[in-house]
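Should a chain be cited, it is by its letter among A, B, C and D, assigned in written order, with residues numbered from 1 in that chain.
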Amino acid sequence: MSNAEKRGILERLNAGEVLVGDGGMTYALEKRGYVKAGPWTPECTVEHPDGVRQIHREFQRAGADIIQAFTFSMDDDLEGDQAKYGTRNINQAACDLAKGVAQEGGAYVAGCICQTAVLYSQGAGKDVVMKKFRNEIEIFIQNNVDILIAEFFGNVEEAEWAVEVIKSTGKPTAITMCIGPEGDRKNVPPGECAVRLARAGADIIGVNCSFDPEKSLETIGLMKEALDKAGLKCHLMVQPVGYHSPDAGIVGFQALPENPFAMEPRTLTRWDVHKYARRAYDMGVRYIGGCCGFEPYHIRAIAEELAPERGRLPAASEKHSSWGEALKHHSVADVRARANRAYWENLKPASGRPFCPSLSGPGGLGQ
Amino acid sequence: MSNAEKRGILERLNAGEVLVGDGGMTYALEKRGYVKAGPWTPECTVEHPDGVRQIHREFQRAGADIIQAFTFSMDDDLEGDQAKYGTRNINQAACDLAKGVAQEGGAYVAGCICQTAVLYSQGAGKDVVMKKFRNEIEIFIQNNVDILIAEFFGNVEEAEWAVEVIKSTGKPTAITMCIGPEGDRKNVPPGECAVRLARAGADIIGVNCSFDPEKSLETIGLMKEALDKAGLKCHLMVQPVGYHSPDAGIVGFQALPENPFAMEPRTLTRWDVHKYARRAYDMGVRYIGGCCGFEPYHIRAIAEELAPERGRLPAASEKHSSWGEALKHHSVADVRARANRAYWENLKPASGRPFCPSLSGPGGLGQ
Amino acid sequence: MSNAEKRGILERLNAGEVLVGDGGMTYALEKRGYVKAGPWTPECTVEHPDGVRQIHREFQRAGADIIQAFTFSMDDDLEGDQAKYGTRNINQAACDLAKGVAQEGGAYVAGCICQTAVLYSQGAGKDVVMKKFRNEIEIFIQNNVDILIAEFFGNVEEAEWAVEVIKSTGKPTAITMCIGPEGDRKNVPPGECAVRLARAGADIIGVNCSFDPEKSLETIGLMKEALDKAGLKCHLMVQPVGYHSPDAGIVGFQALPENPFAMEPRTLTRWDVHKYARRAYDMGVRYIGGCCGFEPYHIRAIAEELAPERGRLPAASEKHSSWGEALKHHSVADVRARANRAYWENLKPASGRPFCPSLSGPGGLGQ
Amino acid sequence: MSNAEKRGILERLNAGEVLVGDGGMTYALEKRGYVKAGPWTPECTVEHPDGVRQIHREFQRAGADIIQAFTFSMDDDLEGDQAKYGTRNINQAACDLAKGVAQEGGAYVAGCICQTAVLYSQGAGKDVVMKKFRNEIEIFIQNNVDILIAEFFGNVEEAEWAVEVIKSTGKPTAITMCIGPEGDRKNVPPGECAVRLARAGADIIGVNCSFDPEKSLETIGLMKEALDKAGLKCHLMVQPVGYHSPDAGIVGFQALPENPFAMEPRTLTRWDVHKYARRAYDMGVRYIGGCCGFEPYHIRAIAEELAPERGRLPAASEKHSSWGEALKHHSVADVRARANRAYWENLKPASGRPFCPSLSGPGGLGQ
């Protein structure tokens, strides 16, 4: 499809379409051997472009309509490998990789910025922070991305500044905060956050990272209620983590004692994702994706659950039949009997870990 | 390194070296969108070679010394995509992909055959079954693989026939059975199986698939005891599944109610793999890898645990510091405090699923 | 001690003393074979006085300062055994048994009334309901009990009427509601409930039944906050159930799928009770007891935890040393090593039920 | 019923009747405040006869056909309270209490001896040990008990000596060992133990204490198989602990980290006991009771499950309807829906403790 024919993101959202986001790059690439947990830096766009390209492809194949370039808000004074390659080279490579894959499959490319690591919290004012955001998005403007997303914001004030910067570019403006139902770092409730961001000009508002689907949708519900009450029209967006974390407390999943190297038992199944996608859709969310922990098959589950509404299955569904139907061909009779929706929808999966608890709470502080 | 310089697998095992196997292709590629659960067929070697090449690379980068070509023992009369491509084309593509990656990194290429799906169990005799094995390995001989592995055998008799066929080719001969401590499908104990396979000429004997590391090593222990008692010298090999399954019963993890679409909570952490690798080494096993559920980072954990013995770290360790040391650079203080071995070694990870049990048992039949 | 010498309950509470309540009669006597789950009726005071007397004794020996006569608000038109014995006979026997035991040990006797089963909820007005309460307490006045407790009230309005009736008798007036932090059946918040009950004349206000210690103390906290804000002085009282029920929802533990015949795995340990008693004390609660599920040894744990504040240990502590000290004399070495506080305080007890979940939620509706 | 009319225990067992044993005195009386955990000594028969009499009554009312006098094999040189009262007085009081209650309800009285605490294991020979047994049973002979039970034997050799002593008295001779499927302390397998005890003259053989119903019945199965193979006819007896302990290892539940003060979550429900009683019966066991952790309602569950075979319900069933039928009268609709067998039989009860594991293993050593 040529760019000329491609309808815009907002055009499609305004028409009531559902767009599927991609999943979590850092956690997935860490397990594939390309990103280091801790600094989480994306120099692999230069070092191992094949690895990055491949996971972009898998997300697109799974149904993602938007591919986020694998950049990261990076300061100029970073050390080590990043310094060696240069922020600009890393980010340009990220844009190239995302665009290349998007062209294969017709997806949009998103450029993303995050909250400043320390600037804002150490008191740098609006001018300083906005200047930094402007520097960061320059490369996305040059590469003519389809949308700009400001994500992982813990303070609504800084988020407003990001919206202001992005809005001035004329690009579709999406903003997601990493907050739960308790609100932002200064206790501004989600509803108030959403209203302020809408008034700042955001086209798409929501949450990403930090919380699991259940908590994230609870937060979205509070945002929507406030937007409705204020008579503001905005598209809603959600990209939760792919880990069950009812015990994550106020900070979010980062503080769980299992993070980042023992999150396996908390990982969502594809059926958990089906339920999440349906609930998000029913709440009116139309930009539905994932963050840390969402692998390609989780994104496929979103696209499969919403296939009736979207009118299509993703490419990767050629190797997947909804609700386990293909198990009819399994060599073991017991497994063949699982080729139906009721089985997987009702299963309460065991951990195989009887010596472990089911909750641990932030920092391992329990009951 | 030229082939001429490359020392052989048996040469290295005889010298006491540890070789690291690769992980599970089918389960990993299913989640990446390239393999269908149920038939589990590998036509992706033709359809999506990039996807297969990439995961081979990740396993090699994680430390795998042997790359198993992603073939599958297939019958001529298969339907659908496989028929379209032809078994021969699929398997030749598999050999090409494995060899291509192996040449980049100096790994060995393995050709694998499995037990016959129905021939043996329906009473086809030795001649018929051996003829099928001979047909299957022909392509591996033509591609001059470094080793032939007969894996996933449930009956020692059929396994002996496979060993006989492979041994006649002059290639290093490895045989793994998919049995637990209770023995093979006809209740032949693991020790007797091992002795019979050694007498049939196997160079490397062990287990793969069906059971988790704990059960698999229990089985290996019984094999070793019997081999020692019989005065037989063989190398030992283990490739367990990457899922905790103490409740798998006699059949193995396939019969667990969570298989194959809700195994997430059972997935091994990298620290579980460290313990497994150490225990396997201490028992005398020198070919240590994984099967279904083992992702690249699990293989890296084997290579990192045995780095002192092997005298080297795998390439992917450039993005990983053993036991979480790189968390020193994490942005959250609580997470920085996890940058040490004691923390991860002792952690009992929570599932975040308080409404789920910790065991379910085969077929979901519980206590 | 003669009655003349005995200081009154309010006198002691006003002086800052802690009074220990008794535990749950119905659930304990059901397991001993004297009360039928479902109707939960107390005709055993007539049928098996020895059984009732014994458990009163055990509670008193465990440290209970108040013995609640085992009556139950009963209508005249009951069928079966109750009709045979007559409500009046059953309740007189209850008073006799409580008084007899209290005289042995110096405890107070409480007469209790509950919310009307259906009168109030079916719209009977204040006059009808208050008349019923007056009828019910008549026997307690004749038996000159030391305190009247109106307990298990789900609606603050009906609770106010009960307070009004009791207050008019001149007896110390205690009122406990069976509500959680969400408030009463009509969503009146706990703080508002407490303020209204204080203004209605209650001397002692709190919660009983329905929720576990954690939830109950959360509710008490809300009550105390509101009373403080309103400048009202009242004594606080708490008698939670002896079952962990974080998943009890709004209705309370009655709706848990395990109630009433499979609550064993939820039962508090004595160490859970130690923590509860300490937290209650620290919050300012001075009438601390238990409800369904509290057995004599749970009451002893309250009395032992607060022994420093109370200046005495209960009689039953002659057969118990705090924090397991007597295990020094156990015949098994491993058990002897448990003769210390740190061991029991930190233990996370296993259920021995790996096939069961840790939460189930009201009505068994889970995640 | 006069003694003359009463048929003997063996007579009834020989006729194929099922006899129900009583439950665990020490653990139950510890929670009631009369026995100290650690020394577990029964001086309460002198100090608090009412408490002991009451629990005997409750067990008898629950269906127990045999009441074990609450003595304990005590050495002459004990200190403290026991020394004060004298072993003889304590044990005579125990006989009086058991006989008194038994006469009310028609039960048999059993006198019991245990393995010597240290004599045997320190190498005292047959003569010394048998002399001690003879001294201990003297009081039971004087009180003309109906049966003598040697229980809690860890070594079959010492058990044989006990059988020899008891057999010589002419009383029915029962012997139970505290062993699991792995056999006695010196690894004599259960089958061999049973055969040796039968040949030594035991009328009734089985296991008590240390293991849960599942493990205990597994042991009984091995005993029965060996007895059958040897052509020996003996009655079988089982008195397991009332705690789920699949992780108890070889030593038994005593070594579990929760023992003795945090066993609540492991406690059997009445429905667990129904299953146990049925399975025991189906295996041919005809003396079915409980040990530590079995409360009166657990014993009632045995008697109710086997009511069809026994032709009668126990007295306590007047306050219990099998499988929750009386819940039809509960005030909460959700609870009324539980008034049926399928509900309770299939329920997997939650612990309400999401921060706790489901298994802990002996000494807390886990996976």
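Definition applied: a residue touches a chain if its C-beta (ideal position, glycine included) is under 8 Å from a C-beta of that chain, and two chains touch if they have at least 3 such contacts.
Chain by chain, the UniProt names read as follows: A, B, C, D = Hcy-binding domain-containing protein.
Not measured: the values here are computed from a predicted model.
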{"item": "Chain whose average C-alpha position is farthest from chain C's own", "value": "B"}
{"item": "A-C or A-D, whichever has more C-beta pairs in contact", "value": "A-D"}
{"item": "Whole-Å separation of chain centres (CA-atom averages), chain A against chain B", "value": "33"}
{"item": "Euclidean distance of C-alpha centroids - chain A vs chain C, Å", "value": "49"}
{"item": "Inter-centroid spacing, chain D versus chain A (mean Cα positions, whole Å)", "value": "59"}
{"item": "Numbers and ranges of chain A residues touching at least 2 other chains", "value": "247, 348, 353-360, 366-367"}
{"item": "Touch list for chain B against partner chain D, complex", "value": "214, 246, 348, 354, 357-359, 366-367"}
{"item": "Of all residues in chain D, those that touch chain A in their complex", "value": "247, 353-361, 366-367"}
{"item": "Complex contact set, residues of chain A against chain B", "value": "30-39, 44, 50-51, 54, 57-58, 61-62, 117, 212, 243-247, 251, 254-271, 295-297, 300, 315-316, 319-321, 324, 326-332, 334-335, 338-339, 344, 347-360, 362-363"}
